[in-house]
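Shared between the two complexes below is chain A, which pairs with chain B and chain C, respectively.
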Partner chain A sequence: MADKILQASWLIALVPLVSSLLIMFFAHRCKITSAFLSIGAVFYGLIHSLLILYISYLNPERTLEINFPWISAGAFKLFVGYLIDPLCAMMLVVVCVVSFFVQVYTHGYMKEDPNYSKFYAYLSLFTFSMLGLVFSTNLFQSYIFWELVGVCSYLLIGFWWYKPSAANACTKAFVVNRIGDAGLLIGLLMLYSSTQNFWLNKTTLAFGQLKNAIDFAIGSHLLPVVGIVSVTTIALFVLMGPMAKSAQFPLHVWLPDAMEGPTPISALIHAATMVAAGVYLIARCYPLYIAAPVAMATVAWIGGITAIFAATIALSQFDIKRTLAYSTCSQLGYMVMALGLGAYSAGLFHLMTHAFFKAMLFLCSGSVIVGCHHEQDIRQMGGLRKHMPITSLTCLVGVLAISGFPLMSGFWSKDMILASAWEHNKPLFIIGSVTALLTAFYMFRLYFMTFEGEYRGHAHPHETTPSITIPLICLAVPSIFIGLIGSPLIPGGDKFSSFIHFGEYHAHHEWGINVFVKELLTTQGLIPLFAFIVGTIFAWMVYRKGFALNTFVKKNLSFIYNLSFNKWYVDEVYFWVLNRIILPCYRVLWSVIDKTIVDGVFVNGSARVAAIVGGGLRFIETGRGQLYALVIFGSVLFAVLFLITRIAR
Partner chain B sequence: MEKLIEFFLHHSLSTILIVPLFAAVIIAFLPNKESVCGIVSLIFSLDILLDVLVVIFSKFDPNLTALQYVENYRWFGDTIRIKLACDGLSISMVLLMAISLPVTIIASQPIAKNKPKLYYSMLMILTTSVLGVFLAQDLFLFFLFWELELAPMYFLIAIWGGPNKDYAALKFLIYTFTAGVCMFAAVLLLFFSSGANTFDMEVLTRYGSNLPHHFQLICFLLFFVCFIIKLPSFPFHTWLPDAHVEAPTPVSMLLAGILLKMGGYGIYRICVGFFPHVLSELALWIAILAAVNIIGAAVACLVQDDMKRIIAYSSVSHMGFVLLGVASLTPAGFSGGIFQMFSHGLISAALFMLVGTLYERTHTRQISDYGGMTKYMPKCFYLFTLATMANLALPALSGFVGESLVFYGAFSSELFKQFPTKLYFNFGQICVLFSALGVILTAGYMLWLLQRVFMGPENTKWSKLTDLRTSEIVVLGSLLALVVVWGVYPVSLSNLYEPSSSALVEFAKKATSSL
Partner chain C sequence: MLWFKDLISILYPELLVLSAIVIAVFLSTSKYKDIIWITSTLLMFTGCVHIIKNQLNITEPVQILSGMFIADNLSVVFRLLILTTAILLILGSVKYTNGFIHKSEFMIILLSAVLGSLFLVGANDLITLFIALETLGLSSILLAGYSKYDLRSNEASIKYLLNSASASAIFLFGLSILYGITGATQFQEIKYKLLQLSGDGNLNSSIIVVLLILIVAGLGFKLASAPFHMWSPDVYDGAPTPATAFLSVISKASGFAISLRLIITLFDFTSNLWQPMIITISVLSMIIGNFVALGEAINKSSIKRLMAYSSIAQIGYILIGLALFRTETITSSIFYLIIYSIMNLGAFLCIIAFGNEANSDSISDYSGLSQKRPLLAFAFSVCLFNLAGLPIPPAGFIAKFILFKSSFDCGFAGIVLGSIALITTILSIYYYSLIVKLMIVDKPSNAVLNMDSNKESLGKSNELNSAILISVIAIFIITAYSNPLLKIAGKTTSSISTKNQLISKGFN
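What follows is the complex of A and B.
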């Protein structure tokens, strides 16, 4: 039975694809049918993936990998297939749970939209692509689905194509992601070409064989560890993909703009699942990074820099979704940092907890936006707690979870990351702790400005419909409790790390309340807690008690404030380079080479030469036979003489 | 009946060639009405498609790398013969032509209202000549078909073209004629220097690599110039944007869809088949040329204001992958190049059709005249998005298969290892790395085009526009359906030609190493 369930797991991905096609071609006129098809498909996936998780949890060693040849040319073969292991099982559940609740929520959020059915079709297509990515057995297949999730994201950001901001955002998202993809492609090409002989009779670029392949390449001196063509550069090129997809500095610019899409998309794609795909890919390619310490350190630093960089921007944003978007960047930075520090389980643990609470936070923001009649500026909100009790309560849960309130899900995963940073890299521990402080501050700022105080807007806010609030409540439960599976409070201790780990691990962890207290009362346990408390108190004082910190900063430290408010001017720099340097250069290049040199000099020039030569030839081609005969005779003579000299030599 | 089938199977290739000629004659006797001529030529084109499918599915064995369905008739004595035959490489190109033709005829409806008889006759003569190029196994016959293609194409542009059609048609004519002259010189040179006293390509293949080196080099270059004019490749590419901009939509579809592939086919069949040694010597230069095409044309795309020009330059960029695949001399590169020709044939035809539908309604190709077209033409938007994604090589659509095969093949090519640099990458790999940047540029120009035309605030000037007609949806739907099918399940196409192309690689490698 268990075998059959595992073997049929491809259905989890395929059913949403079928439902998406059905909606696109047959059910696009009927709202209820399309919602039913789409939600039904992901519900099936949810049940099936829970079964898989259960089977996999009972026996983590039990994995399944099935490959089909996709194309071959000579000895070169590419495969697609599906792989079930603990990591995959965990991701399947995360994707299906979030996707399911978001799809239910969509019904309430998009009820009035004329393209309601199309939205569900795209959602199902996205679910398919994301599940396909999770199932991937090899890097090449990952690349396929990697791009497919990107295009779904493109379609959904541009869902309201008539808004210029949305139109810009979707193009930007795709192009920035393509930069990452190009890096990933180069990484794959380098990896393949240097380990070419290893893959004969094996699944090309399979994750399971990655370690052996690298050992093979290093062992047979095909590939050094450092150098221009080396494991390190391959790892760094591959890293470009995750940097774009998981919005790491400096390729993060697309994510905040992606908030132009409908809110369910922000929750599903740009917070919980797709952006985590980068972290997932780094985890899958872990052997590559383990073999290249420099690349590993780069991963950690990119994560750390992104974490604090995005947090500083989030401090001063007024758009509720953009603030959350920067907080997503920042949290993704934590995950990437964790992987770079070697804290494999911690990074993926944070991926899981973050998926739940961040999806919920985004859905809350969507609920607020609907409740306030499409207002997104938190300066136009305030006091919504009275009008929207459920939304405000769930939002508070999310805020507490992300800021690391003790015993809630974010607390455990963030602590795990910071503990490993303390162990391996003290500067990154400081960065992480400061980020934790900032996180608590901006999240409570968001909460206070939205839900507390007096209402500052002009609409009539109201609580939203059950199809919006029920998903919120349902997601609040894992946001509070899911962290416990990685805590020392449950019997047997940290179950998450025993289930998902890389290489050696401790099968048995110490557990019990005293263990927890002992761990908490260390420097690395107290500092994050302290950061949370300080951040929260600051936010409370500034936004509830009128402590004029922000006016002080705006007046006296306007430079810093402007940097934060204008997102460190990264977008401006990029656009300046693009519009002032790249495009004008291209224009000049094209007009010089194509228009002037090729067309001007060669084509039209040769026409002119032909005209001149033709004019000249009139004097020679006189029509007089004698002259022609003379020319022919001369030529033959010349040819004969030429041949004779050749033979004589 | 059985005898008829037997007869067809023995003369299938000549039937395929004669049917369009016969159709052209029939059309000449029809009333001068678009509807009649259109239907008749559609029926004939479907018949050609059927014939090709019968050929493929009856006795054609893709695993047999030798020539199949051979027909060999005397023509001018024994020297110049009518020899027709196909292998996996040529039959896949014939299939592409057979698919493109009915689609083009359906798309011709609006344009052929003017002089329908002449139009459809020209189309049919063009078909014969293109099919002839792919099927001819006699070099002289090959050359004749190659030149025959010129006349109908010239008239199709010069009669049914846009405002600047004379310039474009003449430019096309001169370029292609130059190509023909180069080829003719090469053909004669080869004939007289080989001393085989035959134009049979199979025989000449054996002689080619025995010629003195400089002879091989000259012949190779003459053929190569001829083919890259057609492909087209830098620096002989500027006829293409002009021809495309002025040509009517269906002619553009055929031009991009199939005529450019004659160049690619020629490189495979003749440059590789006859002179593998020269190819391996010049591989690096070809790879550089390919990278210049891929990147240069993509750069040109980014700065165009005319929709059709963007698609035209994008053809140049995409055909660069064919060159890169050939230069790599690996099974993956070769296979990828052929797949790329096939998928580009479908995708660019679809894109030209889409741009044509917009132009037909608005009579402008300037991008700045558009904006928010989705509101008035949602179906056009969806199909345009799909074609755009296919053009920027999204996985699961056919463009991706060809490009990734070429990338993997070229990057791991043994041949390029002869050209080391101090940067640890070899020169060929550096070309591939540059080409990989094209991935970004392609996404940039295609999505920017999509955004400027279909998204943002709508231009109310176009509020009276109607969405796609059924015939247009049939055309685009069938092209893009194939793009999806071959993108998801590429083996269904690559099985047809893969043994032949791998055999060609083996042959070329053997010839190179023996010298």
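What follows is the complex of A and C.
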């Protein structure tokens, strides 16, 4: 039975694809049918993936890898298949759970939209692509689905394409992701070309064989540059993909703008699943990074920088979704940092907990936006707790979880990351702790400004429909409790690390209340807690008690404030570089090289030649049948004479 | 009675087609003319199922009718391909034939052409070969001239007749020399004699060269490859569109199958003599086909003319595999041919659909089609992109990739051929995407705008639409699931080459 369930797991990905196609071609006029198809598909996936998680949990060593050849040209083969291991099982559940609740939520959120069915079709398509990415057995397959989720993200950010801001945002997301994907593709091809002989009768670029492949390449001096250096190069190129997709500095610029899409999309794609794909890919390619310490350190530092950088921006944003977007960036930074520090389990643990509470926070923000009649500016909100009790309560849960309130999910995962940072890299520990403080501050700022105090807007806020609030309540449960599986409070200790790990395997960890207290009462345990308390108190004082820190900073330290408010001018710098350096250079090069040489000689010249030749050859076709027969006989005669003389000689 | 049982089980599809013809003849004299397509497609579908069930996993070649017909992987695969494409073609021509005065005979001739090509790919004897070839050829001539009151169709028919007669004469001359040398008509016997002669040193290489030139010219005509292509633009343009599709898909596929069989089975030991010829033909076809197609596209002439040149170019690509004469290249050629047949047929079905509705074949009339018939424009774009080898979806890309890669692995000649193929592919991308651009970007033409109100047009047809749907879905399926097809192509290749080994072992 268990075998059958594992073997049929491809159905989880296929069913959403089928439902997406059905909606696109047959059900695009019927709202109820399309919602039913899409939600039903992901519900099936949810049940099936829970079963897989259960089977996999009982026996973490039990993995299943099935590959089908897709293209084979001589020695060059590409495979698609599915790989079930603990990591995959965990990701499947995360994707399916979040996707399911978001799709239920969508019914309430998009009720009025004329393109309701299309939205569900895209959602299903996205679910398929994301699951395909999770199932990938090798880097090539990952790359295909990587692009597919990118396309879905593009389509969904630009779902309200008639808004110029949405159209620009989706273009921006696409362009920035292209930079990352180009890097990923280069890395992937370099890896393939340097380990070509290794893959002769194996699955090309299979994740399970990466370690052997790299050892093989280093051992037999096959890498293009000397040994370890080129592993680093490959690892860094591969890293570009996750950097763009997981919105790491400096390729993070697309994520805040992506909030122009409908809120369910922000929750599903730009908070819980797709942006975590980068982290997932780094985790899958971990042997590559283990072999290249420099690349590993780069990963850690990029993560750390992104974490604190995005947190400082989030301090001063007024758009409720943008604040959350920067917070997503910052939390993704944590995950990447954890992976870079070698804390494999911690990074993926944070991925899981974050997926739940951040999806919920986004859905809360959507609920607020609907409740306030499409108002996104938190200055126009306030006091919503009275009007929207369920939303405010769930939002509070999310805020507590993300800022690390003890015993909530975010607390455990963040602690785990910071503990390993303390162990390996003290500067990053400081960065992480400061980020934790800032996180607590801006999340409570968001909460206080939205739900507490007096209502400052002009609309009539109201609680939203059950199809919006029920997913919120359902997601609140894992947001509180899911962290416990990685805590020392349950029997057997940190179950998550035993389940998903890289390298050393510990079936049991120390556990019990005393272990928890002992771990908490160390420096690395107390500092994050302290950071949470300080951040919360500051937020409380500033936004509830009128302690004028914010206006003080705004007036007297306007430099810092502006830096934060204008997102460190990253967009401006990019545009400056683009407009002042790249475009002028491009214009010069364009007029000289492109326009005269490439266009004039090669493109237009060859086109003209081709057109003339083509046009000229057309006139051989005179339309006279006699001539045609003559050509046949003539060419036969010519061939005979030519070859006979050749042979005779 | 064992041989009889064998005969029936092997020739079952052909017998079904034959009975379809007989039924069609009877039906065409009655008032039930409209169900001919149903009976024929059903019978042919049964034939397909029979082949898939009983013959596709054939291991040993079976010869029947005292060696006149052979059922090996080559013939099985190509018969299956011909039957499938013929079913789609019949579905596609149902509406089109309603425009004729004598509509039922079109199906009868089409079916006999299909019968001819079915026998052609299984021919194992010079006599079967020639008779099947002429059945196919004469039926094609009739099909090309079927539009009785259309002058261009008449012209096409006459031109095809003239050229076909010339080519047949040349081909038959070659065959007669072959018979003269060996004194046999059955392929295995011919091969045995040839090997014996060359073993004794009695084989005059000049006569072999002449013989090969004559045979290759005859086959080159059937494949419409340059320089024997001159007839094809005029004939494709003038003939009724289903007949054009037949010429471009089924006739070419069976021509390629018989080229493989004749050249590889009989003359593999003198490959240095025929390889230059095929290389020349392939290069010329690629260059002339693509260049002139570009010219046609720029001058916005008829789409059928464009497709004629495009299929000349495509046969150039397909011949690369035969020209390089390695197992991998031939496999990838067969694979390419299978995918080419599907996408080219899809494109022609779309042209039929457009012609039915807009009454036009001119390229400029296609502009703005996506605004009126988005699905038709989508299907046509998919087929054209695949013909160009763009990965949208990548069925055509996979085929081109595998073919070019196998070619680049074959030394100097392979690199040259592969480079020419790549460069000319760039040209082809231009003219295919020009049509897509016309359909999607440009403003609707008058023909498109008048589609719904056109009194002269034949209108929509469900049968045709379902055929288009099937071919587009097939492209998508091949994209996701190309490997089994590649395996079948590999088996086909090995069936030709293992047979050679067997012969060499047995007779030497």
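Going forward, the second predicted complex is superposed on the first by the 573 of 649 C-alpha atoms of A that agree within 3 Å, B and C clash if a C-alpha of one lies under 4 Å from a C-alpha of the other, contacts with A are read in each partner's own complex, and residues count from 1 in each chain.
Keep this in mind: contacts are C-beta pairs under 8 Å (C-beta built on N, C-alpha and C of every residue); 3 or more make two chains touch, one makes a residue touch a chain.
The structure displayed is predicted, hence computed values, not measured ones.
In the superposed model, B is the one of chain B and chain C that contacts more residues of chain A. Looking at the shared chain after the overlay, A:Val613 reaches chain C, while chain B stays out of its contact range. Contacts of A:Ile179 after superposition: chain B is touched, whereas chain C is not reached. When the two structures are aligned on the shared chain, A:Val577 is found in touch with neither chain B nor chain C.
Touch criterion met: A:Phe76 reaches chain B and chain C at once. In the superposition on chain A, contact of A:Ala167 is made with chain B only, not with chain C. Using the contact criterion defined above for the overlaid structures, shared-chain residue A:Val477 touches neither chain B nor chain C, since it reaches no partner. Overlap of the chain B and chain C interfaces on chain A: residues 69-74, 76. Contacts from chain B toward chain A in the complex involve residues 171, 234-235, 237-238, 296, 299-300, 302-303, 330-332, 334-336, 372, 374-375, 381, 385, 389, 392, 394-396, 400-401, 404-405, 407-409, 411-412, 423-425, 429, 432-433, 436-437, 439-440, 443-444, 447-448, 450-451, 454-458, 490-491, 494, 498, 501-502, 505.
Within the complex formed with chain C, the residues of chain A that make contact are 68-74, 76, 607, 610-611, 613-618, 620-621, 623, 625-629, 631-633, 635-636, 639-640, 643-644, 647-648.
By the touch criterion given at the top, residues 158-159, 162-163, 166-167, 170, 205-206, 209-210, 213-214, 217, 221, 227-228, 230-231, 233-234, 277, 288, 291-296, 298-299, 328, 332, 398, 401-402, 405-406, 409, 427, 430, 480, 482-483, 486 of chain C touch chain A in their complex. Within the complex formed with chain B, the residues of chain A that make contact are 69-76, 78, 140, 143-145, 147-148, 151, 154-155, 158, 161-164, 166-168, 170-171, 174-175, 178-179, 181-182, 185-186, 189-190, 192-193, 196, 227-229, 583, 586-587, 589-590, 593-594, 598-599, 602-603.
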